[in-house]
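What follows is a set of structures for review.
Heads up, the next two complexes both have subunit A, just with different partners, subunit B and then subunit C.
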Partner chain A sequence: MMSFQPGLFARGSAWVVAMYLLLPISIIIPVSMTDQRFLSLPKEALSLQHYATVLNSPEWLGSIWQSFLIAVVATGIAVLAGTLCAIGCWRLSRRSTNLIRALMLLPIIIPSIVYAIGLYRYFAGLDLLDRFMGVAIAHGVTGIPYVVITVSTALAAFDPRLEQAARGMGASLMQTLRWVILPRITPGILSGGIFAFIHSWDELVIVLFIASRDVFTLPRRIWDGINENLDPAMAAVAVLLVVFTTALLLLDLALRRRRAE
Partner chain B sequence: MMRRQDVGWWLLILPAFLLMTAFYVAPIAQVLAISFTEPTPGLGNYERLFTSESVQRVIVTTLRICVITTSLSLLLGYVLSYRIALASPSAQRWWILAVLVPLWISVLVRAFAWVTLLRRQGLVNETLIGTGLISEPLALVWNEFGIVVGMVHYMVPYAVLPMLASMREIDPRLLAAARGLGANRLTIFGRIFLPLSLPGLLAAGVLVFIFTLGFYITPALLGGGKTLMVAEWIGLQILDLLRWGLGTMMATVLVVAILVTLAIFSRLVDMKRVFGGGGA
Partner chain C sequence: MSAAGHALALRGLSKRYGSFTAVADVSLDVGQGEFLTLLGPSGSGKTTILMCIAGFVEPSEGAILLDGRDITALPPERRDFGMVFQGYALFPHMTVAENVAFPLRVRKLGAAEREAKVRAALDLVQLSAFGERLPRQLSGGQQQRVALARALVFEPALLLLDEPLSALDKKLRAELQDELKALHRRIGRTFVNVTHDQEEALSLSDRVAILNHGRLIQQGAPAELYERPVTRFVADFLGKSNFLAGTVQEALEGGFAIGAGATRILQAATSTPPIGTPVLLSLRPEKMALLAEGETAENAVAGTIAGWSYLGAGYALNVATPDFGTLRVTLPTWNAPIAPREGLEVRLGWSSAASVPVLDDVSPDDAA
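Here is the complex of A and B:
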């Protein structure tokens, strides 16, 4: 049967849109390799000096390391709480658990600025402003929705009778979790973990409000860089970030493919 | 009714529930409360919605940028989804990657790329001057134009995901049959494809609109402080002017606007379409 194909105009405009999405991001690659001392395309030769600047700068390295640690702790919080919650909601599956699941989605729906100003005031009372744990908790809590979504999706494909059979044969709840449910949904948990990690790693709005000196994450340093001095080292950082995010994304795609098989 | 054998499962939900209540709901509830109590108890802050010109200007600016951004994102996103939905499975994988990679790349990196391109000594202006098309650099960023360019760039992938999901449910045999019966491309698109893809279009519209309403980073970086949208304005009230009452009032209005939009459209669209497609 002859399949329906879009016309020339539709194909052409789709390419234009794809270019609009991708080209501006890829422009930072040549800019990061400029031989000039200001933000520009390379004039005479390609140079890696700006990468060297970044990788030899204690400020940039310190921020990268701090962001990484925060993201690891935040991902731990989000994965642990989110996974258990998704499993509980899936198994109980009633009106009240649907409400709880909707509650878990709030951080995606409510703009981070609203949460950030609330936290600014709230953490002042708990002495958590400008603290590692404060930022990690905030990122962990706002990372929960990503885990709940991916784990719930994984559970939707899981036959609940397996769980009933395990319980019927005398397995305890912990045993059922450990040996029956968790192995089946591991790819979903990992996916959720990757998204929670990227969420924390990239998060800026909350950090702008609840951290100032001691906690100075990578996004915060980039933000200051864009606002104050636009130098080519920024482009080098941006490229490193894109490479890192793309690698995580490809890892996630590989996991999904394995789950699909 | 909670049965005894269910207690264990409820305990699994407990950590997330407590974390969420103590560290998410409580700070936000505090924001709502402050808007009624500071500087003096009452509805004084909300009165400003009707009396303060600067408050009204921010709201109008935000709504204008939101409507423009949403319309453009839907248009561009639709073009892209249409192409993807009708592509062969192997080509589809590449197209989807072209949507997903920008989706997950840091919003800061993207704003930085736009600044590099659009500022006065940026690549676009330099190229245009170099070719002699213009003699003076154009003001492409740090104004409303820059905000819209950057925001649409950010939102197109979010528009594509729900639209693509709904277009994939369209039976390709319908289109082939219409073609076999002699309908031209425009008729097939207008009479079959477009109506069937409307639920996805609507879901994408809701998603993009509510995301745009409260957006902070892109407008702040590409707006240059002159064109203020609601989120940046709230930040300014709290951090620079210490006007907590006014800032929290606007934050409350923002949350209510988003929840009302969702409530209205949840009658028209399946909300799973809006939030289910998050990871493709």
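Here is the complex of A and C:
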């Protein structure tokens, strides 16, 4: 194979794109360590006072905890429904199941604001507005596509003869699912779960519509904070958010590597 | 494991996919403890038949009977058949012992009994020391034996084998052929094997069923199929054969004579087709001899060596003849009467019983 040396232009534009992706994130790190009382770059010294504020504030801690719980429940819903859907489509494998799989991707194709308006109408009638379960369900359903995609990908690599072998040896559908199919697609399920979790963890638009006083997730508290006062504590929270999300992605990467072995 | 063979019968089995007929009206009996091989080229329907027997493919028509009981509608998990898949289909996340224990776990056997049976099955295939390995840590031949142990451990009514040896190299294949045959003799179960490898079919089976385009062409013991093929396809697919075309000239005692160009050939037969009918004779390359100066035979044809190759145990000669085209002849190397060379004039001789009249069933699209 010929070795390819990128030219100056290619190298340059690659760096520009990388910077474009990273700079807005990295700017919040110095901002979060400002010694000032408002959202700004540090003037005289670096300070961790805003981190202290966040970690001592019942509002911020409450929101972090609530966001976490919602994300856990939403992930549960997304993983269960998404995995079952992907397995069902894979087993039936007809033209109609391709349609269903495409349908399942709607939440990431449709703008979330459209979804949010629709949910607002429905949830009003179901008494799910401003309820923990309401937000968890909304996030769970919109998290399904991530699970359907990763599990379908895992199933595409699954040798269908293994299922035939299991059934030929007398295994029922449930036994085959539990002992043969699930162990083979677990990495895909975990991966989908991680994405569904991140999706719920940083989702704002839907929450803005269907929650008001009782449910106050972390992204929403940041949003409100920016609108009301330019407290640098928000930058500290944002950094924590980024660190947490990055950790989850690294976990996903590690899982994928293990699966590849 | 106790010897408990079951009898299987296919009655008018057909499978159509849309307008494509994969299997057409196949009826077949597999006796208790018999080793039957379904043999055919790819696309002949042999695997579809096996999948119908296993229950993974639902036949469009016909019935499958086990010891006379109709099992056509039974789902695969309730048929109690062991199966060795092409590529083995071992569970990659389970150890060898867990793989073999799988059918027992499904049947909710107790741990002690399970362990004993797994050990016995691994002993049977000489893999006792490999229980804790993962399938990917084994060689192809070992994986194949694990698949066998897994298919036999629950004492299935029938063992189905889907091209069990096709993934192995030639030497290993021969070795496992012997093992498989010995295993079949030892446990006395009914085996149904699918292969496209005619050598494997001949050496392993009690009986072979030859399929082409979804139809059962001929079935019988290996020697019977080889010696008395009914059609050109069978003669050509099992081993190598020359085909001599001519027309019936005369009925004789114990046979008839055919003519092709200036040549007259005698063919042993119990009945004679009407004078003037075109006939096709199948003549195996090893059933001809080179005639010495002045030597005679029932049938003798002169020709020239157009090409030859040395095959170790024998020579293969291509002899160009005026009336039958090029005939392939094999001679044992150790007592070959001549040193072959191109252009050498030879006379081929064979007895009237050496050849067999066959039906010409090879359509132009088969002649590959």
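Here is the rule we use: the second predicted complex is superposed on the first by the 259 of 261 C-alpha atoms of A that agree within 3 Å, B and C clash if a C-alpha of one lies under 4 Å from a C-alpha of the other, contacts with A are read in each partner's own complex, and residues count from 1 in each chain.
One rule holds in what follows: a contact is a pair of C-beta atoms (placed from the backbone, for glycine too) under 8 Å apart; a residue touches a chain by one contact, two chains touch by 3 or more.
As the structure is a computational prediction, the values presented were derived from the model and not from experiment.
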item: Clash-or-fit label for the pair subunit B, subunit C on subunit A; value: fit
item: Contacts of A:Met104 with subunit B and subunit C, given as first, second, both or neither; value: first
item: Partner chain(s) touched by A:Ala166 [first = subunit B, second = subunit C, both, neither]; value: second
item: Partner chain(s) touched by A:Gly7 [first = subunit B, second = subunit C, both, neither]; value: first
item: First, second, both or neither for A:Leu69, with subunit B first and subunit C second; value: neither
item: Residue contacts on subunit A - larger count, subunit B or subunit C; value: B
item: Partner chain(s) touched by A:Leu255 [first = subunit B, second = subunit C, both, neither]; value: neither
item: Partner chain in contact with A:Ile29 - subunit B first, subunit C second, else both or neither; value: neither
item: Subunit C versus subunit B - closest C-alpha approach in the superposed model, Å; value: 7
item: Intersection of subunit A interface sets (partners subunit B, subunit C); value: none
item: Of all residues in subunit B, those that touch subunit A in their complex; value: 6, 8-13, 15-17, 19-20, 23-28, 30-31, 34, 76-77, 79-80, 82-84, 86, 95, 98-102, 104-117, 119, 123, 153, 156-157, 172-173, 175-176, 178-180, 185, 188, 210, 213-217, 221, 231, 234-235, 238-239, 244, 247-248, 251, 254-255, 258-259, 262, 275-276, 278-279
item: For the subunit C and subunit A complex, residues of the former touching the latter; value: 54-56, 75-83, 85-87, 89, 91-93, 102-103, 105-107, 150-151, 154
item: Residue ranges of subunit A in contact with subunit C within the complex; value: 159, 161-162, 164-172, 175, 179-180, 183-184
item: Contact footprint of subunit B on subunit A as seen in their complex; value: 1-7, 10-11, 13-14, 17-18, 20-22, 24-25, 27-28, 31, 39-41, 77, 80-82, 84-85, 87-89, 91-92, 97, 100, 103-123, 137-138, 140-142, 144, 146, 148-150, 153, 173, 191, 195, 198, 202, 204-205, 208-209, 219, 222-223, 226-227, 230, 234-235, 238, 241-242, 245-246, 248-249, 252
